[in-house]
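One chain, subunit A, links the two complexes that follow: it is found with subunit B in the first and with subunit C in the second.
This part shows the complex of A and B:
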């Protein structure tokens, strides 16, 4: 899919559910996460790994950014998970509960070894790190810069709040700091920031409010737990026609300023500064990635 | 010989003479008068038509071995009339009957299979034979082939003399002692008696069976006393939980929701989606979800429908109550809310199945329908539909009004997933052909929407979908995708014996189902 792929929505599909594995490709999610971790019962770890490996190798869905979430770094499954995951060549591997940069470095090395053994181009597999504890949040900056492979950090709110002894609420004040800390680390490292799931799949209004906050804070996307959440989240991350029109006018004004060697550029009587230009470029990039004709 | 859709047919099957489907509505019945078994009958001398038992009524009708009996299926899986009548018939030693209900529901204890095995029934004609009977028939239960015809073809068969009914047994949730009856009220209300009208009008003898005898005259009345010979009160005509429990709920299956949403979007994109349009959605999970999404699209556009048609669910009644539909024309009521709605709402009306779907009369309501939603087990790359047989050839459903709706509606939309379990639903060639592809406008799946290039409104639809930014896929691509997931299934092995004949709306044979070869 390449680095420019849209990452508005990441949908988990359990490696233990052949039906979900097959169906997941038909929804509108940008990123499809084949899960070997929490959704797979211990007795089915081998079967799930085998299924996901073959699915990606022979039934890879077109037009999706494909991710495998492996089991925990300290679990007994991690070696076999990485071996299978690297060899079926997803776009990325998602590592759960990352807390230290050294953990990322170790995984990076292990992936490199497997890539070499399998004759896969070095560095072709990207890493997503799930930040799911206060330690992960505190070390987010080092984690985000620990390896060239890291392209995204994803906040996991349930485990994070458990580690904090916080009470999880729909309003989400208890994760407000964590969201910002992860986001700042991502911006520092130049990687994508993916927000936590909204757990109540029956509360569409709640999801709309939550994803509005996600977007306004500056996140690039959100993990979803159910296909019914995808369209709402995608819509929130897709610029509106009005936003696109405004962004175009901003950039046209900037170009005109450059042509005419103007120091300061104005639009509708207000000055266009560098952040405004940056936001306009981001809006148009998002619109382009979402397939909107401009 | 082969019919116009390339299906291989024998010339004759038992005593049944095959007229192959030609796609042109060929039926010489149009040159003859309507026939009926109904005879002028002098009013009953006793002043009542009430008889104490079913046996008494059967004796009074003069039912004899070799005759034809009929039932309606408006009580669905909750029906307790058919088994009571057949048991009484058996007790009287009557055999060799032609059993011609509007559809065979899956009734148990005793099942229809037992009445075939003991020779009470030797021929069956219906719109579907789901369940135990269907499986047994495909295993070679019967000597004569079962004749399956869609809802619209049954009134035609009756009025043209193909299906002459000797005794019609009509279950009703309320009746008076003179035969005025209805399904709209009473503890076991089933709603519309749509399928019973044509039987009442044309059978030689008509017996109304109820568990709710009301004071004369019964009001409301669906079938009038002038058609009824006898009335019998029994303890129970049905199981209300199975007649239609509660209101149908919106599915939570994300795949079905996605298909439903796409279907509603496609309808909303059509130029025919304007004030006063008409629709029929149906009762499956996808159909109900489509109804709900359609209601939203109508609200967004600020338009109302002139009528909804066919089998009715509570969701349609909700739309009526919101003022979104002017007339709800019910040939059948699929749940308890819809069943009671006819008596309670002026614009919710009971219609005769013939008015709904029979093409051989001076116009049916399907002729005026804009959008019809259909379910299917399989669709092939020629858009032909299989609504009868499943992945291993077993009988899964009935024809219902599927072939009628496909042909009658301006825009007929088939909704189905590309893959069910490990079975592809979009295939190169359907196992059983029930509805000709030329009558199907579009197929909506979770993997995309395909328009039928051979449909009469193809250009219009293509233009409308493209204008709305709806991405279209070729049916061949959907088929390829399905097979890439499931692989190509092994063909179902059959014997030479024809177990069932499938008639099209005009009475020609569109396909046959052979007996399944068991290992």
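This part shows the complex of A and C:
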């Protein structure tokens, strides 16, 4: 689907379960993550690899950004995971627990080798790096810029808080710094920032509060663990009619100012500065990507 | 790939298939299928099995399917996994590169 694909929600589907993998395509998530890692028992790693490979190759869901989450960089499964994952040609491979740029470079090189052997266009497989430890957060900037394949960093809050010896709470004060650090690294590198999951799938109000914070901080999307979370998160990342109207008025005022060679432009009595213009353009780009007619 | 022992892959859950492979002393592929949709899809299911066996390079094996509504690519994946387990070998993912 490419770099312009919407990435508001990414839903994990376990590579151990055909029914889980097949049903996931019928929900409204933007990104479907075929998981070979945490959701797959050790004894089923080989079978999950075959399942994910064949499902993507022969039953790829239309209109979704397809991701394979491989096993850890230092696991015994990573080599074969990459061999299979690259050859079924997902949009991206999601690497868990990334902590250093050199790890991304090593994966990048291996993917390049497989792409060449398989006759796949060089660089066509993108990378998402999961940031799931204090080391990952500290090195987020170098990770985000380690390879041109990297298009997104995704914060993993459970493992991060474990590495920090913090207590995970719904309010999320313990991940506030990590969220901002990952976000700044993403903005520096020009890649997408994907927020951590909200784990309580029965707490819809809690999810709404959490995703409102996620959006206000500046994230581009959020990982979800259950289909019932998808519509709430998609709605939060889709500009409202009021936001779209305001963004259009901001840009119209900016254009009018240019035509009339004005140094400063105002709207409703307030001055429009460059950041406001940038936010308006982002709002309209998000609306357009979400398929809203304007 | 030579099947050395009896091995299985898959589950009895909906949309899945339990595949059991074992050596076939008589030679060739012997495929048996138990499925609620056998009357409708037997030919298609057999093709998924024999294609997977051919791709894995297996010529001699008994392959038994206990199907619970798996689609072709799931059958293919489960047969591949069971064959690799029965042969005690990793799948050659680069096989298609060589054929291309």
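Operating definition for what follows: the second predicted complex is superposed on the first by the 294 of 294 C-alpha atoms of A that agree within 3 Å, B and C clash if a C-alpha of one lies under 4 Å from a C-alpha of the other, contacts with A are read in each partner's own complex, and residues count from 1 in each chain.
Rule of thumb we're sticking to: a contact is a pair of C-beta atoms (placed from the backbone, for glycine too) under 8 Å apart; a residue touches a chain by one contact, two chains touch by 3 or more.
Owing to the predicted nature of the structure, the values given are computational and were not obtained by experimental measurement.
Asker: A:74 contacts which: subunit B (first), subunit C (second), both, neither?
Answerer: It touches nothing on subunit B or subunit C.
Asker: One more residue to check, A:26. First (subunit B), second (subunit C), both or neither?
Answerer: first
Asker: Quick check for you: in the superposed arrangement, does A:227 touch first (subunit B), second (subunit C), both or neither?
Answerer: First partner only, subunit B.
Asker: Which of the two partners, first being subunit B and second being subunit C, lies in contact with A:87: first, second, both, or neither?
Answerer: second
Asker: May I ask you to decide whether A:59 touches subunit B, subunit C, both, or neither, giving the answer as first, second, both or neither?
Answerer: Both: A:59 reaches subunit B and subunit C.
Asker: Considering only touches as defined above, state whether A:46 meets subunit B (first), subunit C (second), both or neither.
Answerer: A:46 contacts subunit C only, not subunit B.
Asker: Would you mind checking which one, subunit B or subunit C, touches more residues on subunit A?
Answerer: C
Asker: If I apply the document's touch criterion, which positions on subunit A are contacted by subunit B in one structure and by subunit C in the other?
Answerer: 19, 22, 59
Asker: Report the residues of subunit C in contact with subunit A in the complex, numbered from low to high.
Answerer: Where subunit C meets subunit A, its residues are 9-10, 13-16, 70-74, 76-78, 80-81, 84-85, 90-91, 93-94, 96-97, 100.
Asker: Spell out the residues on subunit B that touch subunit A in their complex, using ranges where they run on.
Answerer: Touch residues, subunit B against subunit A: 252, 254-255, 257-258, 419, 421, 446-447, 484-485.
Asker: Under the definition above, what is the set of subunit A residues touching subunit C in their complex?
Answerer: Within the complex, subunit A touches subunit C at residues 17-19, 22, 46-47, 50-51, 53-55, 57-59, 80, 83-84, 87, 117-119.
Asker: For subunit A, which residues count as touching subunit B in their complex?
Answerer: Residues 19, 22-23, 26-27, 59, 226-228.
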